Structure formats: structure tokens, C-alpha cells
Amino acid sequence: MSVSDAFDEWARSGKDQGMERRHWHTAKHVLARMPVESEARSDSEQSSEERSDPRDEGDTVLDLGCGSGYAGRALRETKGAGRVYGIDAAPEMAHNASSYTDDPRVGFAIGDFEHLPFDDDSIDHCFSMEAFYYAQDPHAVLAELRRVLRPGGTFYCAVNRWEEHVHSHEWEELVGVPMLLWSEAQYREAFREAGFAVASQDRIPDTETEIPAESDFPTEDWETREAMVERYREYGTLLTVGVNTA
Amino acid sequence: MSVSDAFDEWARSGKDQGMERRHWHTAKHVLARMPVESEARSDSEQSSEERSDPRDEGDTVLDLGCGSGYAGRALRETKGAGRVYGIDAAPEMAHNASSYTDDPRVGFAIGDFEHLPFDDDSIDHCFSMEAFYYAQDPHAVLAELRRVLRPGGTFYCAVNRWEEHVHSHEWEELVGVPMLLWSEAQYREAFREAGFAVASQDRIPDTETEIPAESDFPTEDWETREAMVERYREYGTLLTVGVNTA
Amino acid sequence: MDIICCPLDKHELDLEVDERDDEEVLAGSLVCTECGESYPIEDGIPNLLPPDMREDAPA
Amino acid sequence: MDIICCPLDKHELDLEVDERDDEEVLAGSLVCTECGESYPIEDGIPNLLPPDMREDAPA
């Protein structure tokens, strides 16, 4: 089964909203850090002719593998982002995402993050949650991002599965599609190789997922309470922030 | 009284260690995010002649207004930073800091962050906690940082006093020295004007400072419990991360 | 969506409208001005996958 | 401290040693090869403040 077939099925059965609810625990902290501007920056020198440039109305943000599209909606509401685009390879995801908002400044498209349908230097910031590791060629994604991001633009790459996070290793088998498993250092190195400066990297704990009492273990998903605590409270989400220094 | 006279007094009475203890609540989260490398980066092209370059042994980090120097010690221990330099305008602070470590790769100097005694392009990352707002000319500090940081280098600027943080407004009067009071947007704008890309900005809550029970208020320092909760749990520390895109 | 381009060669796209309401194009296509590839719009959402990744592509 | 330079003109510094132990220079000075300004080292710690900011500077 292809990744987008798998996620089409998820979208049809409403799992996009389940992901939104669960991912929000850490994604909201990721989004809070993004330096998204709601107005034209004073450093952007624009002639009056260019006044219809979206940038006059705030930063343009791209959400890679957007799922239900919560990130774009949140950045419009909390930071007044000028424009937000969500792309997803699964058509049903993009359709669901589109049905959850009627904000004309939030747009969705079906697309592949290794073949971005955006002009060079057209995006200020890119966010991606729990999607990057589905890339068949992650270096191609980074190269595409480097191309579409403006100089100084940021890539916020958040994943719940990576090498150091031992409890995420079995996921590939569970989901049934191939998944990248980079270490924290590999993320930093690949970002740098693609022409990004690594601005930060850290683990954002999920302090909200409820963890049952000791006596309830083993549960369906967890052998021990200790492992579950480690998964959520310690590993949580790995965030790597790259800045396009081009 | 000058800023450095004031802090010399603090250092003599051991307040440098009190600051370390209190600031650590949020500073440790700031330090955890820093992409400090412990080994030469694969992207650094160095001839064999340059092998004695400190960079071969990991990143070089500068701590501006280092106080007790805890940040440099922590980055050596947790991330294997290659070299760490702490500078402080108060001689007694630099002397105290130096007395707390005998790591030969941690060095301290008395210096002014508006007149940095470092070569161009010699530093990978700069950290600064609760110091930036003492600058008489903050733009000069940013210009100096831009000069000493390598392209792609980061400036981690952490402060507990800023415009949005209403409970920090009165500090200037309490400490008796002039203190900058920028808004979050002013930090972003000044960074960009100085040639930094803003990679992130957020508030890091202090979840560790103990807050007395409702019945203990008013305390010496706080009228209401609500205000104290807001100060620590909500505002905490403002972190702005800049990347030198030069 | 004025910054949208062809996912293959990154050239401009021409819009061909089949159906629209007040706010947006509901059905139609985006055609690359360079390579001529056509990308369908359904229910207002453009499908800008490379053609060989589209659902209807022969497996 | 091989990346240390003069805080004023950013030129190289020459080290003049008055006293040292096995590991470091305890007392001495760093003299700018360009402007000639001298920066004292005391207890192993160089004072690289611009001269007019030094404690001993006339107020």
C-alpha cells in the first residue's frame, strides 16, 4: 500500500482529527516558537507596484503533510500569518483539511513534498509535523525547501519517530509503509548539507497524554508504565529548526 | 553606580550563585536547544595545517554577561562543546566564574559586550541570559555579534524582562541601573536590522520556582498569587534565537 | 494561489475553469505553460502531484 | 585564548608574562600589536574592557 493510499483511508475514517488532537500536545509548542509576522517587515523594500504581494499582509507559511490542516489554522489565528498553504499527498486529507475552514487565506493542495508546486523564494516559513520521515528521498525534500524558502526563512521539522527514540522503532511494521529513521545528528547534518543553518534542536515533551496507573500495565500498547512515561514525557517530539542562509 | 560596580558587589556577596540557581530553571531549556557540535563538522573543509583550529574539537561558544559561568560549564558537560568563553564586565564575576571550574577548555575574561575582544568569524554560538538589557547600545552588541559569529552561527538571547512582561517593568528602579525594555517585536526587528534571521521566539515558563499558597499573599515581593503565577508560569523567560545569515 | 507552479519544471500555470462559485474555482485545471502537463482541480482543490503519483495513474 | 583580540581595533595581541604556573599565565599583559594599548592579566584572567571602562579609569 502506498503512503497516500494509507492516509486516504485514515482520512475517510476520521483519523486525521485523532492525529490533530494527539499531535497538538507538542505541535502547539512548536508553532508558538515560529517567528511568523502578521505585517510586512520593515526590512522588505517594496515598491508601490508590489503592494499586492502577499508579504505585505504578513508571512506566508507552508505546512508539509498537513493532515487535518490544524497548523495553518492556528498560525492564522494566533499570529496573523498572511497566507497559509497546506499540502498533502493523500487527496482525502487535503479535502478534509479544506472542509474544516473557510478562511480565504488558508489554501490546500494535493501535492508531494519532494516536488513542491511553489515558486522559488515564495515562502517565509515551513512547518511539518509527523510527516518528514515518509519521504522516499529526504534530501530531495530539503533541496525543494531550500528552493522555495526565502533567504532567512525557517523550516520547523517535527517528528515523533527518530533513532534515539527507541519506542518509535517498531512503527514501520505497524503502519506498513517505509519510514526513515534518522538520528538527531543525522537531521542536523542533512540540514547543513542542504544549505540550512541548524538554529536549534530539542525534544519537546508531551505532558498531556494521560498515562494510566501502574496497576493498569501492561496495556494494549505498552508493556510497562516506565516505557510509556519515557515515550511521552521524555522523548516527546524532536524539533529541528533550519534557517535558509542562502 | 555603574552596572559592573553593582555586579561586582553581587559577586562578592555570592549572589552570582543565587542567580545561577534561579536562572537555571529556564536557562537549561534554552541550552538544551542549542545545536552545539562536539566534533568537527563534516561540512568544514579544513586542510591538515589547520588541524589545531579549535573547531576540529567541537563548536566554540561565547557566554555574554556570564555571571557564575554555569552556561559554559553545562555546554561542555552536556554537549561536548569544543571551547567556551565567558565574558562579564564585572571583574569579580569573571573571577568567581573562573574559580568554579578547572576545565582548560572553559575560559573567562573581563570584557564589554559592546566591544567584544574576539576575532571576526571566530564563534559558532553565543548564549546570553539576563544580560542583554543592560546594554547601553543594544544595536552595538548585535553588530559585534554579527561580526564574531561564523556564517550560520546562532545567538541565543534570553531575558526575563521585556515589554509584554508587565511584572518586570519595575526592576529598573529596584536594581538602580538603566535597563532596556524592548517588546517581543522589537527584539525580532532589531535582530533583523543587524543582519540576523530570526529563527524562533517564545516564552519559556519557569515551572520550578515555588509559589506559596494563596493564604501567604501578599508576600514581600508579590501583591497577589495570580501575579506571581503569571510571572513564572506564563511569562518566564523570553528567548529570541538569531542566525547570522551573512 | 499566486505562488503555485508546475511541480515538475516549476513554470507558471494557466487556469482553465469548468465550474466556479462566487469565491473559488470548483472544477477545472491548471496547465503548465512550459511542459503542457495538466493538473485537475476538484471540489476547489488542485491536485499538483506529479502525474505518475496520481491515484488514477496506472500502477 | 587564540581568538582573543583587541576590543578596540580588533587587532592581534602580544602576550607579556610576569608570572606563570604550569597551566596558565597568572599575571602579565596583552598588548595590542596595532594601537599599543595594554590589557592586564590578573589571577589568570585578562581584563579586556576598553580602557575607559576599567575600574582604575579616572571617573
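Letters A, B, C and D name the chains as they come in the text, with residue numbers starting at 1 for each one.
Here is the rule we use: a residue touches a chain if its C-beta (ideal position, glycine included) is under 8 Å from a C-beta of that chain, and two chains touch if they have at least 3 such contacts.
Computed from a prediction, not measured in an experiment: that's the story for all the values here.
Any chain touching chain B that also touches chain D would appear here, but none does.
Annotation: 66 Å between the Cα-based centres of chain C and chain D. Mean C-alpha positions place chain A and chain D at a centre distance of 49 Å. Chain A and chain C have Cα centroids separated by 24 Å.
Per-chain Cα centroids separate chain A from chain B by 29 Å. Across the assembly, chain C contributes no residue that touches 2 or more other chains. Pairwise, the chains that make contact are A-B, A-C, B-D.
Chain C makes touch with chain A in their complex at residues 1-8, 10, 23, 43-50, 53, 55.
Those residues of chain B lying in contact with chain A across their complex are 29, 32-35, 37, 41-43, 151-154, 188-189, 192-193, 197-203, 241, 243-245. On chain B, the positions that touch chain D within their shared complex are 4, 54, 60, 85, 87, 89, 91, 94-95, 98, 104, 107-112, 115-120, 122-123.
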